[in-house]
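In the two assemblies presented below, chain A is common to both, partnered first by chain B and then by chain C.
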Partner chain A sequence: MSVLTDAITSALGTDIQFDKRQYPSSVICCTVPVEKFAEAAWVLKKKAFALLAAEWASDETPFGRGFCVFACYRWGKEYLIVRSELPSDNPQFPSLTRRYIPAYRFERQIQSLMGITPAGHPDARPWIKFEDWPAGAWPLRKSFDASKPLPRVAGEYEWIKAEGEGVYEIPVGPVHAGIIEPGHFRFQAVGEDIINLEERLGYVHKGIEKKFEALSWQDGARLAGRVSGDTTVAHAIAYCMALETMTDCNVPERANWLRAIFLERERIANHLGDIGAICNDAAFAFMLYQMSRLREIVLRTNHKLFGHRFMMDKVIPGGAAVDIDSEGKKEILSELDSISKDFEKLVIIYDESPSLEDRVRDTGILRPELARELCVVGIAARASGLNLDCRIFNPFPPYDQYDLIELGVPVLITGDVHARTWVRIQEVRESIRIIRYMLENLPDGEITSSFTPPSPDMSGFAAVEGWRGEIIYWLQAGPKGEINRCMVRDPSSVNWLGLEQAIPGNIVPDFPLCNKSFNQSYSGHDL
Partner chain B sequence: MILYPFIIEILQLLIILALAPVFAGWIKMLKCWSQGRTSPGLFQPYRDIIKLFSKDVVIAGNASWIFRFTPYLVFGVAVLAGGIVPMLSVDLPLAATADVIALVALFAIARFFTALAGMDIGTAFGGMGSSREMTIASLAEPAMLMAIFTVSLASKSTSLSEMVQVIYSGLSVFRPSLAFALLAFILITLAETGRIPVDNPATHLELTMIHEAMILEYSGRHLALLEWAGMMKLFLFVMLGVAVFAPWGIEASGDFAAIPAAFLFMILKLAAAGAGLVLIETGLAKMRLFRLTEFLGSAFLLATLGMLSYFILE
Partner chain C sequence: MIRILKQIFRTGIVTEPLPTEIISEVEEVGAKLEEAVRKRFRGSLTIRQVDAGSCNGCELEIHAINNPIYNCERFGVHFTASPRFADMLLVTGPVTHNMEIALRRTYNATPPPKIVVAVGDCGCNGGIFGESYASLGGIDKVIPVNAVIHGCPPTPVALLQGILKAIE
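Then we have the complex of A and B:
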């Protein structure tokens, strides 16, 4: 038994049933009556200090059932999924928002896309789905036909308003200057001081979760690799791992190590780009160009060795699509040598520029207690004192061999822009170190194994530490063994709230810097 | 020769119109090099201006005459100021009619109208830029006057021609008051011309902009004029600094033959000033908006120290 299951069994007793269709077996899934759904959350929060990792719903009408709502909790190494079955008519469940803040958006999303009402939710506005959709169009329901165009109806989104002398609003976006994704930010400010920031996302809603349901398991891996282009490797690994847990697929050791090498290379490339971009938002352009140069070296090596700059489609169900030969190994090692040499020089410049330091320190602070309340993950969590990293706390292979790989994870407590930058700097160093180790000790053997589709009504779960943070996939096989539901939880889904809460109290011209230090994915959030 | 001052005046105007973009190109070129990039060359600003002139103007439906009028006014002010600041020769007819206080006032008019134009359309960014610009103005303009007055005290005149002449003739004397005034002037130049660490002329982030936020709604020839005027303003500030604090090589004898040498000196001084500016801009991040008060406060303090040291030491 574990802390989470102990807490929930002692509180709810015979009301809970353990679900045997959930894989891997280390992730426990239990069914509670729907009226106990919020109580379970309260117990887990108060007794086990669990964090909410995700909340989602699935349409189980193909099985002859109604709907299902799920909440996934995390405590240390453990994940616990609490599940409640809902009738197909007028489905409702008690809202968790008053217990767990991140449920605020998960539940608006469930309401908008699945048409299930979170009873007691303080905010009935749609999320991701826009107000110009016709009433009763719930895209994630099985009854929704995604191939037909929808009529557009009139509707208006109600923004949070601020009133008073000298309060003014600054609407920014959804189309921004520069080449970034679309999202709308609305600031209420007095002079230069921001009193509130409200985000509005959903401009890149593409119906990815719906699209999964029309794909084969193999093609699903390719779509997962396109959920957020800069995190293609981590998303593909998370999807493949969730799938592999359901089928007795034994991924060869070498393939696991190759996946980890791809994952760390992705982390290095993105962190390098981010560190440069953060400095550039403080008008320190030198760092941007130098960091971009280093990032470009990584990407070009990827292209040369693996055939794609971002290693898209190089992780496939059952293994990896490309191998590294001894030439490739030498190439990567020499590339890492030259990068780490230049990188260390640039870190010194970053660290010893007082004008830059003045900008990044004490800007955009996400306090540790707030970070915990908001259940943020990844870089944002580790910069705010939350020691969370799936590579350590839910180690997926090969990170489960921690006595060999000995991964070190930086945790800072200041929660400001500098902390988020410094976490990235440390992670680049650590990734370079472990790639070197993994290349030297790469196990021999095959890189793919045969893969059989899962049996009906099974579900698989995986959490992978991408460069932004923990990515969660939850897959459910339908009655014919097809994909019935694929839930994608990009780290951005929770961390966008972290940004929103870190901003009030800062001044307007500091927002781009704070935003860049979080650098969330719009695509991964909007899905 | 009676025509001589007028020829100089026309030459000056040509120089500022033609050389200001080259100077901006020079700064960009050095900046590229300092960041390890290839540069688009000295003449890129010309290409940008030509490109903008060949584009259509898009104006918001609710724009008033202020919005349309401002680019011409700002451009006109820059050209007029170009006739006041001695570059090649101290023999400038316009310099006799407008002194350094008038020069500061001219820039203030251009700024006033730019700020109005920023608010005219009613977008949040424009108003934000205008409010920030006026904050800077209220601190930079007094500091600028103080710095210039320090020089005026030394030369007993507020006419730029005379100031330059006096300083030029007393070349060998090093005055501590001028050193303080020069430091103040450099800080003010960075603020007035919107350079790092005060403003970032290359940014695309609207929320951080100061000067750019005010002219965000401009396009086509309006934007071309504003950009060009911006380059001229930078050029003029550098020329003003050069004329007042380092007038060596400027022609003061009324002799045509000395003009080419003066031109050569001017180019060298511009090149050096550009290099200095790039050193500052590459080595510094942009400061937090509210640090500006300290930055410009210290400019004012330096200028005041200059004035004090004039009375105490000289």
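Then we have the complex of A and C:
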């Protein structure tokens, strides 16, 4: 037994049923009566100190059932999914928001897109769904026709207001000043000090989760690779792993290692870009040009060896789509040598520039205790004292060979812009080291294996550490063996709340710097 | 400070000519471009980039054409923060239902004459996202498009070629 299952069984006893349709078997799924859904959350928080990883719903009417609501908890190496069945008319469940803060947006999203009411939720405003959508439009329901365009209706979004002498508002977006994705930020400020930030996202909602349901399992991997373009490899790996756990597919050893090499190269490229961009937002443009030069070298090598600068569509169900030969290995090793040499010089410059340090230190602080309450993941978590990394705590091959790979993960406790930058710097070093190790020890053999679609009514789960943090996929096979539901949880889905909480108390001109240090995906959040 | 100067001088100028296989093509387009930019844009083409729903892959490559290796400013091409100053809108897609109004407003805020270039397979025709309740498809479903740049995402070289061709 595990800590999480022990805690929930001792509190709820015979009310719990363990679900055998959930894969992999290490991720336990249990069904509780809906009235105990919130109690389960409370027990897991108070007794097992679990963090909430995701919350979602599925429409199970094709199986002759109603709806289902799921909450996924994490504690150390364990994941536990708690599931409750709901009737098909007037479905509702007790809200977890007062127990777990990240449920705040998960539940607004469930209500907006699936039309299930989280009873007792403090905020009834829609999320991702805009005010001009028709009232009964719940796209994730099976009864919704996704092929027709939505008509627009009249409606207005209610913003949180701050009042008082000298308080003013700054609305920003959705079209921002730079070359970035759209989203709206509304600041309430007094003088230069921000007293509140409210985010409004959903502008790039492309209906991805609904789209999955119309695709074959193979094509799903292509769509997963386009949930967030900068994280294409990690999303494709997470989708493929969730799928592979439901089938007999044994991914060849070599393919697993190749996937890990792609994943680490994606991490290096994005971290290099981010470190440069963070410094640029502190008016240290030198670093942007130097880092973007290094990043371009990585992308060009990707293009030359793997046929795509971001390695899109190179991870496929059952394996990897592209192999590497001895020439390619040599090329990557010499590329890493040259990048590493320049990178270390730049790190010294970063560390020794007082004008830069003045901007990045003590700016945009996300305190460790708040980070824990918000259940943030990835870089933002590790910069705020939370030791979370799926490569260590929920290792997928080849990271499960700890004694060989000896992955080190940096954890800082200051939670400021500098901490988030420094975590990236350490991770670039570590990724360079493990790519070298993997290339030198790459196992021989095939890179794909045959893949058979899963049987009806099975579900698969996977968590993968992308460069931003933990990515979770949960897949469910429908009655004909098709995709019935694909739940995507990008790290941004939780970390946007972290940004919102890190901003008050900072000055308005520091917002771009703080925002860049989180560098969230809008597309991965809006889906 | 001495380290910064050392790194700058050691790195030198890394801006390079485009790869040899397309260099003649770009030179040819580049000559016409210079003429066109001089005639129509007084030597500088100002672009406003609009993300109307992309997965952010295209944005990364548009960023890349600003890096010191491609350095698009040497072609007289630069990016502006406001559509009010723009000669060209570089729009990535698919256009989402939720971005449609913002895209129309950005288009209307850009002074005529203006050129709209749809970037990426999704910007051209909706790509993998197609047309649905949330995605309206290609940019031309919402605003008039003058030129397209295919690719998922288009490489920086393809972007430069596409921009040059759009103002030919």
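The rule is simple: the second predicted complex is superposed on the first by the 527 of 527 C-alpha atoms of A that agree within 3 Å, B and C clash if a C-alpha of one lies under 4 Å from a C-alpha of the other, contacts with A are read in each partner's own complex, and residues count from 1 in each chain.
To be clear about the criterion, a residue touches a chain if its C-beta (ideal position, glycine included) is under 8 Å from a C-beta of that chain, and two chains touch if they have at least 3 such contacts.
Source: prediction; values computed, not measured.
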Fit or clash between chain C and chain B when superposed on chain A: fit
Touched partner set for A:124, first chain B, second chain C, both or neither: neither
Which superposed partner A:281 touches (first chain B, second chain C, both, neither): first
Chain B versus chain C, judged by how many residues of chain A each one touches: C
Partner chain in contact with A:172 - chain B first, chain C second, else both or neither: first
Partner chain(s) touched by A:192 [first = chain B, second = chain C, both, neither]: first
Touched partner set for A:358, first chain B, second chain C, both or neither: first
Which of chain B and chain C A:139 touches, first, second, both or neither: second
Partner chain(s) touched by A:226 [first = chain B, second = chain C, both, neither]: second
Touched partner set for A:289, first chain B, second chain C, both or neither: both
Which superposed partner A:203 touches (first chain B, second chain C, both, neither): second
CA minimum distance (chain B, chain C), superposed complexes, angstrom: 5
Chain B and chain C contact sites that coincide on chain A, given as residue numbers: 177-178, 286, 289-290, 293, 353
Interface residues, chain A side, partner chain C - complex: 130, 133, 137, 139, 144-150, 174-175, 177-182, 202-208, 210-211, 222-223, 226-230, 232, 273, 286, 289-290, 292-293, 295-296, 299, 303, 309-310, 312, 345-346, 348-349, 352-353, 521-523, 526
Parts of chain C lying in touch with chain A, wherever the complex brings them together: 3-4, 7-8, 11, 14, 49-64, 66-69, 79, 81-83, 94, 96-99, 102, 106, 127-136, 152-153, 155
Residue numbers on chain A that touch chain B, as the complex places them: 168-172, 177-178, 192, 279, 281-286, 289-290, 293, 353, 355-356, 358-359, 507-512
Chain A-touching residues of chain B, taken from the complex the two chains share: 31, 34-37, 124-125, 127-128, 196-197, 200, 202-208, 282-291
